[in-house]
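Following are the structures in question.
In what comes next, subunit A is part of two complexes: it sits with subunit B in the first one and with subunit C in the second one.
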Partner chain A sequence: MSEALLEGLVLVLQWKALAFMMLGIVLGFWVGLLPGLGGATTLALMLPFIYNMQPVEAFAFLLGMHAVTATTGDITSVLFGVPGEAASAATILDGHAMAKNGEAGRALGAVLASSLVGALVGAAALALAVPVVRPLVLTFGSPELFMLAIVGLAFIASLSSHGGRGLVRGFLAGLLGLLVSTVGQDPQAGVARYTFDSLYLWQGLDLVPILVGIFAIPEIIELAARGTSIAGSLPAGRISRGALEGVKDTFRHFWLTIRCSLIGTFIGIMPGLGGSVAQWMAYGHAAQSARTAEERKRFGAGDVRGVLGPGAANNSKEGGSLIPTVAFGVPGSTAMAILLGGFVLLGLVPGPDMLSKHLSVTYSMVWTIVLANVVTVVVCFLFLDQLARLTGVRGSILIPLILVLVFVGSYTSNNHYGDMVATLAFGAIGYLMVLAGWPRAPFVLGLVLGKIAENYLYISIARYEAAWLTRPVVLVLIVIAIAVIIYPLFQARRKAAHA
Partner chain B sequence: MHKSAAVGLSISVMLVSGYAVFAATAWPWKAALFPLVIGIPLFCLAATELLWSLLGAEPPSAPNEVELSTDAAARRRVVRVAAWMAGFFVAIALLGFPIAVPLFVFLYLKLQGGEGWVLSIVLTAAVAAAFYGLFDALLHLPFPAGWLWSWLGLA
Partner chain C sequence: MKCKLMSLGLAALLPLAAAAQPNFSGKTVTIIVGYKAGGGYDATARLLARHLPKHIPGKPTVIVQNMPGANSIIAANHIYNVAKPDGLTIGTFNRNLPIAQLTKVEGVKFDITKFQWVGSAANESTILAIRTDLPYKTFDELRKAKQTVVIGSTGPGANTHDFPLLLKELLGLNFKIVSGYSSSADIMLAVERKEVDGRAGSYTSLRPFIDRGLVRPIVRARSTEPGIDKLPADEDAAPNARAKAIMALRSAPEQVARPYVLPPATPAEIVKVMRDAFAKAIQDPELDAEGKKAKLDLEYLPGDQAQKILVQVLQQPQDIVAEFSKYIKFGE
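Let's look at the complex of A and B:
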């Protein structure tokens, strides 16, 4: 194994593979920064260019590009409150709040350092887990995967808690997200649901325009309403010192970062759940780690742990999602499904061959993830001052630029004007939700999980009828979901009794 | 403002979920299962939230969300930026992205932002160049001509 690992490194360090990786990193850097223009879309756009490449060069190019989008996507989330990538949305909650508190440098330092830790954990997991992961993936059937989705929703809904009412609102938002995900032709019976005879709605609502709308539009409106820069009138402070503080935060909360990286890796391994889920689960875990209700209230207002969790998870998931892709040909996410197309183009067959005959190619992927992230993080730190100073630019200059990104990003997800209408509509809904005190995070998780959860629920009932509820892992997950819901209520009651 | 938003949102969600459940009853069970499983509790929770909003105290903000400015001056700015967004969308539909993007950036900087001529022109040129270089020349993304050009027979 160590020989193959070394051979993988040598292959990636060959000048041609290295040059393609650098090209991929440059592309991925900007794709990540631009909201809406997703890593998966760009992977698909770049696939035709790999025909004439060797496997190692092609994967260095594609993975190098894909591995850094989550890192630079986090930068956009922190600085502008717009998710650079769908998998970077959770970073907004605390990262952007920190930027508005004048701590942009610290937030960026934390998100970059945790991203690097996450990427290394994910890559290590890929290197180590291949021989042992098969039984784990096979234990989870549709009932367990459905319950995993419910646990994720319960996690996020409970985070929105200010007692019972907060929980109601959290679940309201989550269920609304699930309901929105049912728009379009249903996968089982082919019925057009809630389409109102619109051809655009037949395909269902795309995640990117909704994400961009629900997160970016309220932020833009608020930026305009305040009439200041993102950081307001607060002094930005010495950014380099702030960044170092962010790096130190990563090591101060090192075990949290590692745990969130492992959550990301685990979610990445589970086919179909994807990076969007990983970041929210990690954010949920980070917020759950708050010891008191007072401490929990800081989440969303600029707690660095809320940056470290998603920052680590959305990078570690890449290594995780490569595991089922390489080992079983089961893609863990949309991007991995596209990467699987790359395997086919290159004449490689995922499965046992990738773990024996082409083991060095598999390990070259591990090294690509490691090197691409190290290079990106170093480059980001070098230009941190310039990146963080963007929060001091006047709102009147930033707003038109961000709006261009919003509309272009929204339109390019499907090349349809309907996407821009969806962005505006969900932007208005997002603004109303914030105004009414409803949390947006459960809505997004509901939307992300909707199609997957529906599919798993249908298969569970069709295959096991009511007996799916009695499966041991399902029972454990039900208990976890109930505990996650009850715990904040219990905590609030105990606090009230003490007061 | 917060209370009226909470009431309005609750009523809207009740209407949407009520319609969702009603529509689902006409579908085969395979298609109706999930909307019913989601729609019924959503309706009940929205009704609970509505009652809470009407009878209870001013709802607190969600802990993980931004605090919105809601004074009179802020409300005026909100209406203005919403109008700019709607205008940008209409401009994209009528003129197409390549024209609407620089036009919007320039007009916003000059009219709304009150920026100087030099900054407005330089930024507009930079955005136009970045838009053309990245999306058109590099990624070859198809941006259709606006409807106006089609109506005039120029597209």
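Let's look at the complex of A and C:
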């Protein structure tokens, strides 16, 4: 195995593969920074270019590009509060809050360092898990996937503010998210739900216009109302300092970063959960680490742990989602489904062969993820000062630029004016939620988990009737879900007893 | 009304356009795909876009634009009502749009038979395959199955759903159809963990799993290709003419699986140029080599023949349509 590992590295380090990887990184860098245009779409557009490449070169190109989008997507999220990628929206909550507190440098340092840790954990998982992945994936049938979605929804408890009122608001926001996820033709009876005779709504609402609207529009309104720069009136010199502090934060909370990386990897491995779930579960887990009510209040107001969690998870999920793609030919996310097309083009058959005959190709993918992320993070650190200073630019100059990015970004999801309407509508909802002090994270969690929960519940009952409830893994997951919900209450009680 | 006026107006311009020999030199032809980037319709369009230019007079640039939404209805409406009939806009969309028109789906603002048909770039053969460890080896054995056979599907309107549904409803197969899987790859995984016993789908997508010995092909629909032509067809087992007509109706669009159309008022010269270009491009050995790599088997069906098939679909008697709509919903 170690021989194949080394062979994989040698393959990636050949000048042609390396050159293609660099090209991929440059492309992925911009795709990640720009909101809307996502990694998956770009993979589809780049696929025709690999016809004449060797497998290792092609994967160095495609994966190199895809691996960095989540990292640079986080940068846009932190700086402007606009999600650079659908998978980097959770970084906004605390990352952008830090930028507004004048800690853009520290937030960027933290997000980059945690992204690197996450990518390395994901790559290590890909290298190590390959032999044991089959039984793991096959253990998780539809009932188990449904329960995983429920565990995800249970994290709403830790994403809401303390007290009964906070919990009620959190779960109501989650329900609204679930409701929005039902828009469109349902997959069981083919009935059109909440489409109001609009063709645009027929296939449901896209994640990107909603995320961009609900997070970016309130920030833009606030920035316009304040009339200052993002970081207020702080001097530019102070803003860009602290990148090293962010790196130190990653190591200060190293176990949290590792745990969130593992969550990301696990969600990535499970086909059918989708790429945007991992970050929110990781954020929920990071929020659990708050020990006191005061600490809890800092989440959403600029706690660095809220940056580290999603920063790590949205990178580690890539290695994770490659696992079922390579081992079964079953993609773990949309991007991987397109990458699978790449396998076919190159004449590779995903499955057992990739773990024996083509093992060095598989390991070259591991190395591509590692190298691409190292290169990106190093390059980003070189420009970090300039990037962070953007938060010191006057709002009146910045706002038009951000608005263009916001609307062009959401328009790329369907090339339909409905995308803009959705962005504005959810922007209004997001603004109202902020004004009234309702948390937005549970809404998004409900939104990304709604379809998954609905479909797998339907399949579980149609296939097993009530018997699915007695499956051992389901029972374990039920216990975990309950634990996740009562943990914050338990914490609050313990705190009260101490006081 | 507005669209009628518009096409009348455009018809008046026809003689002008007809006078000049079509030459696309320096122009850009856009292929509008009714889906997002990444799927089969998109991949086919992108493959064609790479090879069409050299077969069109004047060697124009050919680009692909995605216009997703409402299972392609948005794209079809656009090409029918908005796109200029100058040959610079070609549309490709959901093969099941004739079914949407037939079952009077709301939002359809086109008559599928009135497009200027360039043709179809491929056909698709739907088969049903079940796990090899089940005791049923043939269609006859499966028909006599005592135990319920669980079939996974992605949802109504997809061939993973509609094909087994008609087998169940019209031929009485002992099926339980479980829908809601997010893709056919997901159903395959459910087959591996024995959550479901089998699935329907295109032969191309099932072939690797048949070769691997995971599933066995049992029955196919009308449209066929080498490798599955010996399988029994669902229509041959139909108990009456009515059931046969309904099964034939479901499978008809599969012969026009990758439809390519021009706006209705496009002049005949331009239509001819495009039909010739498609025919030549699809026979082009370079395209063939790339298509083989990408597992896209292209086969040209000329526009007039495609149109004939669809006219037949839409000429069904009311009672057949009524019964068909009981089972089949437009989707995907």
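Basically, the second predicted complex is superposed on the first by the 480 of 499 C-alpha atoms of A that agree within 3 Å, B and C clash if a C-alpha of one lies under 4 Å from a C-alpha of the other, contacts with A are read in each partner's own complex, and residues count from 1 in each chain.
Basically, contacts are C-beta pairs under 8 Å (C-beta built on N, C-alpha and C of every residue); 3 or more make two chains touch, one makes a residue touch a chain.
None of the values given here were measured: they were computed from a predicted structure.
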Based on the shared subunit A superposition, would you classify subunit B and subunit C as clashing or fitting together? fit
Looking at the overlay, does A:L178 come into contact with subunit B only (first), subunit C only (second), both, or neither? first
Partner chain in contact with A:G204 - subunit B first, subunit C second, else both or neither: neither
Just to be sure I read the superposition right, which of the two partners does A:L93 touch: subunit B = first, subunit C = second, or both, or neither? first
Touching partner for A:R226 - first (subunit B), second (subunit C), both, neither: first
Quick one: the Cα-centre angle at subunit A between subunit B and subunit C, nearest 10 degrees, please. 80
Looking at the overlay, does A:L403 come into contact with subunit B only (first), subunit C only (second), both, or neither? first
Quick one: subunit B or subunit C, who's touching more of subunit A? B
Applying the touch criterion given at the start, work out whether A:A189 contacts subunit B, subunit C, both or neither, answering first, second, both or neither. both
Using the touch definition from the top, say if A:P218 reaches subunit B (first), subunit C (second), both or neither. first
Tell me the contact category for A:N414 with respect to subunit B and subunit C: first, second, both or neither. second
Identify the partner contact of A:Y458: answer first if only subunit B is touched, second if only subunit C is, both if each is, neither if none is. both
Could you grab the smallest C-alpha gap between subunit B and subunit C in the overlay, to the nearest Å? 6
So which positions on subunit A get touched by both subunit B and subunit C? 45, 186, 188-190, 415, 454, 458
Which positions of subunit B touch subunit A when the two form their complex? 1-2, 5-6, 8-10, 13, 16-17, 20, 23-24, 27-28, 30-31, 33-35, 37-39, 41-42, 45-46, 48-49, 52, 56, 59-66, 68-70, 74-75, 77-78, 80-82, 84-86, 88-89, 92-93, 97, 101, 104-105, 108-109, 112-115, 119, 123, 127, 131, 134-135, 139, 141-143
Interface with subunit B, subunit A side, in the complex: residues 30, 45, 81, 93, 97, 159-162, 165-166, 168-169, 171-172, 175-176, 178-179, 182, 186, 188-191, 193-194, 217-222, 224-227, 287, 296-297, 299-301, 394, 396-397, 399-401, 403-404, 407-408, 411-412, 415, 417, 420-421, 424, 427, 431-441, 453-454, 457-458, 461
Tell me, which parts of subunit A touch subunit C in their complex? 40-41, 43-45, 47-48, 51, 137-139, 141-142, 185-190, 197, 199-200, 202-203, 271-272, 324, 328-331, 334, 337-338, 340-341, 344-347, 349, 351, 414-416, 418, 451, 454-456, 458-459, 462-463
What residues on subunit C touch subunit A, complex-wise? 36-38, 42-43, 46-47, 50, 65-71, 73-74, 77, 106-107, 150, 154-157, 176, 178-183, 185-186, 188-190, 192-193, 195-196, 208, 212, 290, 293-295, 329-331
